[in-house]
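In the two complexes that follow, chain A is the common piece, with chain B as its partner first and chain C second.
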Partner chain A sequence: MLSYLIAGLAVGAVYAISAMALVITYNASRVFNFAQGGMAFFIAYCFYWLVNDVGLNSYLAAAIAVLVIAPVLGLFLWAVLLGRLSSATPLARLAAMIGLSVALTAGTSVIFGHETIVQPKGIIQNSGQALKLGGVSVSDEQLLILVVAALIAGVGYLVLNKTSAGLITRGAVDSQMMTVLTGTNPGKVVAGTWMVGTAIAGLAGILIMPSVGLSAIGFANVVAASFAGVVIGRLTNLWWGFFGALAVGVAQSVVIPYLPDEGLLATALRPSMPFLFMLIAILVQIRSAGVRDDTQSREVARLSTKAESNEAHVHAVMRDQRGAWDRWVGWAVLAVVVFLVPIVFEQFWVGVIALGMAYGIALLSIRPVTGETNVVSLCQISFVGIGAIAAAQLSTTYGWDVTTSLIIGAVVAALCGLVVGVVCLPLGQLYAAITTFAFALLAEQVIYTRPTFSNNDSGVFLDRPTIAGVYLLDNTQFFYFATAVFLVVAGVLALLRRSTAGLALATIRSSRVRASTLGIPIYRSRLALFALGAAIAGLAGGIIASYQYVAFPAGYSAALGLTWFAIAVAQGPSSIGGLAAAGLSLSVAPALFGTFLPTRLADVPAVLFGLMAIQIVANPAGINPQLRSAFRLLARKLTPQHPPNPPGDDEGVRADVSTNAPVPVGSSR
Partner chain B sequence: MTAVQERPEIVTQEVALKLEGVTVQFGGVRALDDVSMQAYPGEVTGLIGPNGAGKSTLLAVASGLQPPVKGEVFLEGARLTGRAPQAFAKARMARTFQSPQLVKDLDVRQHLVLAFRVRTGRSLLSDIKSAFGPKMTKDERERADLLLGSLGLSDVAHLGPAELPLGTRRLVGVAQCVGMDPKVLLLDEPTAGLNQRETDRFAELVTTLSRERGIATVLVEHDIDLVLSISARIFVLDFGKLIASGTPSEIRKNKAVQAAYIGSTEVGA
Partner chain C sequence: MSDVLLSVKDLRIVYGEAQAVDGVSFDVPQGQCLAILGANGAGKSSIAQCLAGLVPAASGSITIDGEDTTKAHGHVLAKQGVAYLPEGRGIFPTLSVADNISLGVRVCAKDKRAAAEERVYEYFPILGKRRKQQAATLSGGEQQMLAVGRALVTDPKLMVVDELSLGLAPLIIDDIYAALRIAKDGGTTMVLIEQYVERALAFADNAMVLRRGVVAWEGPANGAAEAVAHSYMGDTAIDTALAS
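Now for the complex of A and B:
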């Protein structure tokens, strides 16, 4: 048992260091560092490159990576992005950090190559036994990790509690204005915190590298475990976060001797630990704090002026019916494209576009969840995977009709969505993002790896459906099928928005307090929408698997889910056209890069998707709604008849947005 | 000020809103300490007090947003203590906020349409039917326009909240509440951001709305003159305690109120 405890302490110590970095940066900037896994991955890769390609001594390489590269990276990111995030909406903050995570991870692969290095050596290049403790040998690496963790915890405590730098940092957390009044620049404090946080994250990455390998997914798992610690510490308590994460690592290790040799428990319990710890922490917090979701005013959107006026401008332009004929142009263009695709392109590209439409259906699932209720769900891809698996099992293993299997797959995903929603919706937006990401990792490691589903990593066959007597063997037929399903789902979502429920959801989105005092059931509404989103994702999963003839669970990883979310939010989570464009990008961009450019550049599309998500900070409405409003403005200019007193005149809108001065009641505007 | 004159008699009808011995504690701070108050249909009840007196907390209790640690809330005799704010809304309690809390994706008219539909009662079937119908029925549009006209908001009916100044947004908040056809209407500093002429007009509107529709209106305001001029009765809080209650003339003369506000100068003089 002692050996398991020591091993657990070593792993838990890395989780704890990682959690510490998360809490420090969150406390200083109120930005949750979803990109920490990407940062750690990049810095660990720099370390590996310095040792193996440049030929530096591993200690020197670690020092350069942690003390030079990491702080410079932190400072650079603060200057270009992180420093601007504190005034953004919680959704924009999260989306930007997720975009950064995607861009950093993919960018690292573009720079250093994207083959996974399975067993890289760490700081101690030839690890041996350092000492014996109670008859159990402790390796050099384990000892190093434990010493480093203790040092960081000790130094962190002393700096924060006993130095003026710590005092200023804590002051900046509580009130930036008061910090300014004491003659300190809070921006510098936040920048310094990001430099320190990135360095600690990088150190954690280098320390864990020998255990998890140099792979993005390995690092994502470490960060997810540290997320559990952060949730235990309610995002802001450094020591609860530190020891909570340590406890997760220890628990994962000490249960090993009690596990059965085979079965679900044998393989599922350890990877589930972070999720279970989070679940317990959230339940305890709900009970002890008496959190009442319906009245929760925390994390209510507070837009920065420029972003607010950008978004308001888009809304105002689209609200004006003059020039609304432009939508018929859009429909006409769509009809022409649908007609031309099979004629112009070869079967391969028609297939790529058909897959893009299927991805588009999957991304439509983000509209009810994020677009309608502002919930950041990072596990939509898991529901896609669950839908795919369920449809394949029903169809291939149990011999059900394919079309029926696709529908039942959606129902199964919806039920899973209900369960996940019950856990992740009672608390705030950030908690929802963290817990759904943890669920995505859980699904990846616990559900997808079941032998029945993974079928020795080759997946389970799923045939193409037969619709109205036509077996969709041909890519063209499948393209029409996927497009039709996309349009039907999009139509349902559009109807939802124009219904009374749509008005109620808009209120929930803007102000939960207002919604609750109007009698709108918030939790129930959000849960229903979350389940609807899961159902759409599940349906898309079946269709994707059916197109590919295989439900291949490993294709629905949590890391890929981040990319999906990034591109969807960048295009506009409420925009049906935007989500179609995002789905097509997911399929077409990699195909284009894979066909016409070197393999090394295969991750460039992901970098672009990540960078596109970051721009949501300045333009919260998303790329597609902005293009739509520009098109509407053009349509207005082309509209010959002008009403005598144009209500939503562009100039008037700008003037109104910029002023808070009262106008006389009933005065003409 | 074109004030509505103080009403000479206290109406003795059934109480609409009744708060009994309400106590609210935030950590070591007692925000409200054993506060009781009542509001009656058809009249305006003023709730005043210096900054930090607990006025907004009392409104939060009265609207279900803040459960009290002790005390009771009754709406027309029905006990609502500890219930969710939705239950308060169903019992036809409506409130506005200092920050107007409007919906950025909806125009002014749609705010009212939602209020009408919430009042009528929603079901899955009615929501599905509404998806296939017009955005608003002719009747809803007419009702919305009538109400907006009475509040002087006709010209902004098609605009979104981001296109309105703060004072107008507050009025839209009031219009949405009135659209819910409330029995009790809680107004949290509704005239902040309005000029004197607008405030006078607002005072007239609130009084008329309360009287004509039989609404028990609770008005939290810093504008003491306004409260004194339109309220039938007034409750005064200071440091979480009820220090006085009575008609405006009684409050004007109350020594404790004068001390809490402006030393020995007479309130509203």
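Now for the complex of A and C:
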């Protein structure tokens, strides 16, 4: 028992300092660091490289990685991105951080090569027993982790409470304006916390590396557990966050002796611990005082209303430019594509494009969720996976007809969506993002790993469907099928927006208060949309799996889900054309890179997707609507019979669209 | 008349599409106090925030003590002796009284900070008994004393005070104005924004009435009462008067 406790403390200590870094950076900057796992991964890899390729002593390497590389990375990211996020909408902020996470993780693989290093050595290269405690041996690695965590906690406490730097930081957390008025540049304080936060995150990465391996997936566990700590600390309380995350680690370890030898509990309980802790914390918080998060803080609310009104302005300008004929342009492009693709391309590429359309269906599920209700759901990919698994089980194991299985798969996903939605929707946007991400990790580790579903990591067979008597063996036919489904789903979503229900939803989006005074059932409407999103995702999952002839659950990881979200938001989460483009790029870009470029560059598309998501900070409507708007302006200029607007007016419109970076707010001069 | 300490020329402040302040100019001589009056939304706080460097000027210029500060950052201005007391309470709510004051005196030179901290407690002895208390749990009056105290002891050359007396009892307002009076007699120049018109006019040397972002009237404080009443009657009343 004692040995499990010590092991748990050692792992929990890493979770704890990670949680600490999250809380510090969030409170100073109001930006939640979704990219912390990516940062930790990058810095741990730098450490590994310094030791194994450069040949430095491991202590020196750790010092360089944590005290030089990490702060420089933090400062750089602050200067180019993080420092600007405070004036972005909460959605743009989250999307940019998710994009950063994707770009950092993939970028690390591009820089250092993408083979997974299973058992890297940590700071202590030849680990052995350090001391014996009550008959239990403690390895020097565990001892090091415990000492480092205790040191960080202790020094953190002293710095925050006894030094003037700490006082200034606490002041900046309390009120940005008062910080300015007392003669301190709040930007410097925020930059400082990002440097410290990145350093702590990197240290955590280096410490945990020997036990989880050097792979992005290994780090997901640390991320989930530290998120749990942060939720326990209500995003703001450093010490609750610290000890909450520590408790998750301890709990994960001390249950080991009580687990049965096999069955669901044996494999599922430990990975579910972060999610369970999060759930309990949220339930307790709802019962006691209600859940608060960033959208409720007054300062942030003011900034975000401002950013939101900027964004609404951009949308309005773009709507005004809509010509009588240009809505047909999208259809024309589509018709040409559908006609040309099978003629121009070989079967392989037709297949890639068909898969892209199937991904497009999956991404359409983001529109009812993020586009309509503004919820950042990071578990859409889990619903895709669930739909795929369910369809494969029904069709292959139970012998149902494929088409029916696809539909039932969507229903199963919708039911899961209901359950997740019940938990996540009453929470604020940030909490919803955190909990849905935790659910995605949970699905990946608990559901997908069931032996029946994973089938020894080779997945379960799923045949292609027979539609109207045609068995879709041919990729061209499958392409038509996927495109048709995409159009039907898109049509349903478009009708939904125009219907009365859509108006109600628009009201909810723009003002919940107004919606509730109008008697619109906010919670039920949002829940219904969330379930609809899950159903669409589940349907897409079945279609993707049947195209590939296999429901391969490991393909629907939470990390990949972040990439999906990044590309979808970059293209514009409520633009149907944009989501189609996003889906296509998800399948075409890797195929292009895989076919024509060395495997070393296989992660470049993900880096690009991440960067595209980041740029929505400057360009909140997404790429596709922007392109369309640029196209409209061009068309308007080229159309002679169009009555020219008053010159001043036209100028204004153009300036607005091309430079629609948010207007600087507050103290940023 | 002594030198001009604060000079504002043709100041315009814009929020997105909305003009909050449209071409306001005024001068405040060294050691004097200007009261800015006007109805809600006239643009008073916007001017104050702009003077303090919290809101950018769309055009125009601000000169403080001979230096053009139009584009200066708020934290730089604070260090240069521009003290701004924001509308509401200018405190760090979750920090203790002592921490609030230690942060407040950081605009002073290092060797003067300890003495300045003690002076807050001399101005407002009641705060001395509450050093460890969280600022948010102070009474409204005590919070305002804390805000005023921490600004006063830094010996600012310009103080911009926004709606000091909002929600306070008359006795406490007296105390706070007495403290401001000491600072003014010590040579601090002031811009005073106040809804409590008589109070402001009794304290100030000159007054300026704003209406929808433009100067409607300006002159010595003792002649302002009538103009102010006119302005507070609201735009419709004036427009009707003009139309008839």
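We adopt the following convention: the second predicted complex is superposed on the first by the 603 of 669 C-alpha atoms of A that agree within 3 Å, B and C clash if a C-alpha of one lies under 4 Å from a C-alpha of the other, contacts with A are read in each partner's own complex, and residues count from 1 in each chain.
Just so we're on the same page, contacts are C-beta pairs under 8 Å (C-beta built on N, C-alpha and C of every residue); 3 or more make two chains touch, one makes a residue touch a chain.
None of the values given here were measured: they were computed from a predicted structure.
Contact with chain C, but none with chain B, is seen for A:Leu167 once the two complexes are overlaid on the shared chain. Of the two partner chains, chain B is the only one touched by A:Ser499; chain C is not. A count of residues in chain A touched by chain B and by chain C gives the higher number to B.
Of the two partner chains, chain C is the only one touched by A:Thr182; chain B is not.
Comparing the two interfaces of chain A, the one with chain B and the one with chain C have residues 309, 663-664, 666-667, 669 in common. Contacts from chain A toward chain B in the complex involve residues 292, 294-295, 308-309, 311-312, 315-316, 319, 495-496, 498-504, 506-507, 509-511, 513-514, 516-521, 647-648, 652-653, 656-657, 659-669.
Residues 164, 167-168, 170-171, 174-175, 177-186, 306, 309-310, 313, 663-664, 666-667, 669 of chain A are the ones touching chain C in the complex. Here chain B touches chain A in the complex through residues 63-67, 84-86, 88-90, 93-95, 97, 101-107, 110, 113-115, 117-118, 122, 126-128, 130-132, 135, 151-156, 158-160, 162-168, 171, 176, 180, 193-195, 197-198, 201-202, going by the rule given at the top. Against chain A, the residues of chain C that register as touching in their complex are 16, 52-56, 71, 73-75, 78-79, 83-84, 86, 90-95, 99, 102-104, 106-107, 150.
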